[in-house]
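So, here's a batch of structures to check.
Here chain A shows up in two complexes: once beside chain B, once beside chain C.
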Partner chain A sequence: MITVSLFGRGGQGIKTASHIVGDAAFTSGNHVQDQPLYGAERRGAPISAYVRISQTPILERGKITNSSLVVIADDSLLDSIVDNPLQTVTDSTVIMINSSKGVSEIRTRYNINNVLAVLDLTKLTQDITHKSIPGVAVASTTCKLLGFEFDVIEKSLRAELKEIGIHQEDISRNVELARSCFNQTTHAKIETITKIKIKESPIIDPIYHHPQISTCTITATGNSRLRERGAWSNFKPVIDYEGCTKCMICYVYCPDSAFTIDVKGFPVVDYDACKGCNICKTECPTKVISLVRRENK
Partner chain B sequence: METRFRTLKDIPLEEELVPGTMICAGCGGALLVRIFEKVLGSNVITVNAAGCMTMLSVFPFTPFKSSWFYVAMASAPAAAQGVRDALDILIKKNKIDSKDNLKVLVLTGDGAASGIGLQSTSAAIQRGLDFYYLVYDNEAFSNTGFQASESSPFASATKTTSPTETHEGVMSQKKDLFEIWRAHKPPYVATISPAFIKDMMQKIERSSQFKGPKLFIANSPCPPGWGIESDQVIRVANLAVETGIWPLKEAINGEVRHTWMQKRRPVEEYLKTQERFEHLFKPTRNDEIINQLQKRVDDYWSSVKK
Partner chain C sequence: MKQLITGNAAVATAVKLCNVEYIPAYPITPQTEIIELLSRWINEEKMDAKFVTYDSEHSMISAAGAASLVGARTFTASSSQGLLYAFEMLYNVSGWRAPIVLANVSRAVASPITLEPDHNDVLAARDSGFLQIHAETCQEVLDSVIMAYKISEDNRVRLPVIVNLDGFYLSYTREPVDIPAQELVSQFLPEYKPVFGYLDGQNPISMGVTVLSSNAYSYFKYQLHLASLNALNVHEEISQQFEKLFGRKYGLVDEYMLDDADYVIVMTNSFATMGKAAINRLRGEGKKVGLLRIRMIRPFPKKIIAEKLAGKKAVGVIDQNISVGSGGILYPEITSALYHSNERPKSIISFIGGLGGKKISISEFRHILSTLETSFHVDKFPVQSVMLFTEDDWGSVKEMLKIAGKGEVSGN
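Coming up: the complex of A and B.
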């Protein structure tokens, strides 16, 4: 059995990517399981998806605990402790990461010794589709690594995108994107998983606690500032202060309190708080806010 | 009453909500809550019915500098009554100083306000509970993936009302919560919009002079649900008002006054911005439905006293 884990953020098309991979695997004559996993649905929040592919019926259920292939659509997840995508990696796991960084930088920074492919799929997606949803690029690259034919990928891709209501012209662009990804990726030797790690769970008897103890209580105030959200977007708004008229529109319309007004009356962006909704850029009356790609987010 | 919000720049600079929440990028509702709390100030307890704004505080983190009390979807107004009564009793018994008194703010989505929680809201208004009530109306159950609510507009697509050959999305009309509330004769009811922040701040300020229910319905564009880019939220909210779909108004002791009465743009301009109305334009234009939507808006405005 081959186990594929895909990691990304809400809005990047990871759920659809896993459906495309699953569909392509099924059309290629395999037994397939494919399931997205996310908490509350939210753009920018981490999501994962799991695909199991096998020649024989699949009896396993639930999350994948050791992956043959790990696909990471957003490199900022590597810095996350809670949502770290490397948790299911073993020595034989093949890893593919969408990043603008170099292979050696990723290897040293995250201490990865596995077979590793690093591709800037976001840039490729932007160049071809003029949008920054890398799902299809991720799916196509994954399928190529798994050794599927392009005809099969294209068919699955068209079917999945049509089902979620994507326009014909956008589907065509995405097919072009998929082809481009397919041609620049090589097959990978992906090991099949034969032994499945099974964790034994002890049986726990629930104990009654008074609601004062057993309900969640937060006694701190305003501590969510400790949670940095800058990684939610690939872009950040940058203000050109030369043309800024201190009108405060950007400050007023920021849903995330990411702006402050400095002593001279100029707006200042807190990039750890900014989720990159870009309302400030759109609303700025003098158009002095531009978007810059975040490099080391 | 003299307003302290004459221009947008009069916005209070103190943030009552710090960054770092799990709310979606570009959430119209989050912006409304941020501004609302700014105007109310720091002496507030927010009673939050389950909904998108659940994600404001995810244990063990909270963006609030003031208190936040999380309750089930149907029961926020009832919980607010409990909080109000407790505060009143403690002040009366000199257990807490009256300067530490808190304003009670109920925060709910449209699913709770116009559906699941309508009964408890009706009861709280009828009892004359002294509280603020803010509905962020994103016109569906957005937190769980955009299923239709009683507030979803006619002919819009939601997860549970996909347009088909025989159905144009939601087949029922949006519930008129403003009129339902107004029928209770509360001292203050208003509609607000994130694109009209000055209007919103003035309304909150004006409502504060009344004791009793102070109710607000806020147009709250939802980027993933409505199918808009997150940077377009204010533009879309602005179009909702300028096409006349979202009338900005208030009712003081039942008497209605519109706070935006300018030349309206065609409803179509608003519909075209959102994927949830896309089936009305593609593959072929559905003039019958578009005209119905326009007529409904025209009929509303022809009944408005100039």
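Coming up: the complex of A and C.
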């Protein structure tokens, strides 16, 4: 069985990417099972998706514990201990990362010795689709690594994007993007997981704890500060103050209270709190907010 | 034709194939995708049904029962807190003998609040009069909804049915599903045309009436019980018709490597797939172990369970639920089904696992088997349900307790 784990953030098209990969594998004659996993759905929050591909019926469910291929659509996840996208990696796992950083920098920084491909899929996506949702680029690259034909990928992605209501024009651009990714990627030798490495852990007999401990409460205050929310976004809003009318609409609409107003009445973004949701840019009546890619967070 | 679809889409597809006419709805994760799909298909005129969103699940179930009693084939869906909020009306709808089908997408019940599955939601409804079919795969979900209407509308039964599927593990998981042709489904399940007990302006009747006579109450309540028990045979009969048309067969229980097994693990729902994988692994290590999955939970198929477990050395029941202060909910039902069997296993042991969607690991399955072996060989039986919880599980909880401000927790 080939096991593919995809990691990204809400809004990057990871669920759709996993469906495209699943469809392509299914159309190519395999048994397939795929499943996205996210908690409370939020733009920018970590999401994972799992695709199992097999010649025989699949007797597994839920999260993948040993991956043949790990695809990381957002390199900021690598810095998060909680979301650690490398936790399903074994010695034979092939890893693909969407990043503007170089291969050697990534190898050293995250101590990766596996077969590794690093591609700037976000830039490619922006150049071709004029949008910043890398899902299709991720899907196409993954399918190429897995050895699927391009016409199968194209058919899958057209069907999936139509299903979620994407306009024809955007679908065509995404097909172009997929083709470009397909041509830039080489086919990798992906190992079949035959024997799953399992960490056995003994069963314990839980004992009673005082209600102060065993009631589901949080007594620590302010620990959300430990989580740098700014890491959630790949893009940050930049205000052109020349045209800003101080209308404060961005301040009002920001769902994360990332805006403050300075002494002169201008809005200021706190980039540590901004999740890059794009709402301020959309709502700005004078269109003076643009999104700029965050590099080397 | 096989398609890759989620468990939620399998429910919606079955509802469409069954030509359901009325869908009262209220959203809740992980069920919402079902009603989203149905409302979309109705909007796109791919389906001819009336879709109404209600102010709560309580109103939703009331409307479902009422619609069914004016002669409309009715479907509704819920999960977890939603099902519990509707609770009072579940008992009413079954008492009205309204043949609705309700898809419950299992999700553990608060508090603490969570999204992933266990069966405390659906099993809370076990005494309500609804029949309960619990599915393991997306294919079984689709097939069970179709079968559920046929059973429910049969006059030997005439009771509402819950079809249960696990949140996430089935609801959002895509698997290849064979979608039957409309003509075949229509042949299997003809149009719903009740000939009695429904509202007709020309022939008025009173429904949901009060009985202040305890004799009458006893009579009507026991009739519900008899109707439910009838479903055991009706299911077998309908299952044969289903197999003839669609080529897939479903029993009241599903067995895996059971015939020559000395030790048996009893499970329900989608985690049984992981159980089957564990059986394969343990068989590879030379252990004679098998699995029994109970598909029909209400009526409870006591006779076939007793037959299937007769002559086994020991049985472990995994309850993916917890009756606080008692233990596993299904364990006592299985034990009592075996009490009068001459060939009852030497021990039947209760295990609690998979709460809040916690995966049941191979270590846990191994622990079950070794507990069963010990019970058989050295007469050692745990008095309480055995919790399936590993040192690693506790390690991760300890870490969370620390972040939550509880300090270093010792013990375990």
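The definition used in the following text is that the second predicted complex is superposed on the first by the 226 of 297 C-alpha atoms of A that agree within 3 Å, B and C clash if a C-alpha of one lies under 4 Å from a C-alpha of the other, contacts with A are read in each partner's own complex, and residues count from 1 in each chain.
Operating definition for what follows: contacts are C-beta pairs under 8 Å (C-beta built on N, C-alpha and C of every residue); 3 or more make two chains touch, one makes a residue touch a chain.
None of the values given here were measured: they were computed from a predicted structure.
**Student:** Taking the superposition as given, does A:261 touch the first partner, chain B, the second, chain C, both, or neither?
**Tutor:** A:261 sits against chain B, while chain C stays out of touch.
**Student:** Let me test your reading of the model: by the given contact rule, A:282 touches which partner, first (chain B), second (chain C), both or neither?
**Tutor:** first
**Student:** Contacts for A:189 in the overlay, against chain B (first) and chain C (second): which applies, first, second, both or neither?
**Tutor:** Neither partner.
**Student:** Should A:130 be classified as contacting the first partner (chain B), the second (chain C), both, or neither?
**Tutor:** A:130: touches no partner chain.
**Student:** Per the contact definition in the header, classify A:216: touching chain B only (first), chain C only (second), both, or neither.
**Tutor:** After superposition on chain A, A:216 lies in contact with both partners, chain B and chain C.
**Student:** Which of the two partners, first being chain B and second being chain C, lies in contact with A:207: first, second, both, or neither?
**Tutor:** In the superposed model, A:207 contacts chain C only, not chain B.
**Student:** Applying the document's definition of touch, where does A:59 land relative to chain B and chain C: first, second, both, or neither?
**Tutor:** second
**Student:** Check the residue A:34 against both partner chains and state whether it touches chain B (first), chain C (second), both, or neither.
**Tutor:** After superposing on A, A:34 lies in contact with chain C but is clear of chain B.
**Student:** Considering only the touch criterion stated at the top, classify A:26 as touching first (chain B), second (chain C), both, or neither.
**Tutor:** In the superposed model, A:26 contacts chain C only, not chain B.
**Student:** Share the list of chain A residues that count as touching for chain B in one structure and for chain C in the other.
**Tutor:** In chain A, positions 40, 216, 218, 220-221, 223 sit in both the chain B and chain C interfaces.
**Student:** Where on chain A does chain C make contact in their complex?
**Tutor:** So the residues of chain A touching chain C come out as 19, 22-23, 26, 31-37, 39-40, 58-63, 198-207, 209, 212-213, 216-221, 223.
**Student:** Under the definition above, what is the set of chain C residues touching chain A in their complex?
**Tutor:** Checking each residue of chain C against chain A gives 4, 111-112, 115, 168-169, 172-176, 270-271, 273-274, 276-277, 280, 357, 359, 361-364, 366-367, 386-394, 401, 403-406, 409, 411-412.
**Student:** What residues on chain B touch chain A, complex-wise?
**Tutor:** 8-9, 11, 13, 15, 17-28, 30-31, 34-35, 54-55, 57, 59-66, 143-145, 194, 197, 223-224, 229-235, 275, 278, 282
**Student:** Which part of chain A faces chain B closely enough to touch in the complex?
**Tutor:** 10-11, 40-45, 165, 167, 216, 218, 220-229, 232-233, 247-249, 251-258, 261, 270, 272-273, 275-279, 281-283
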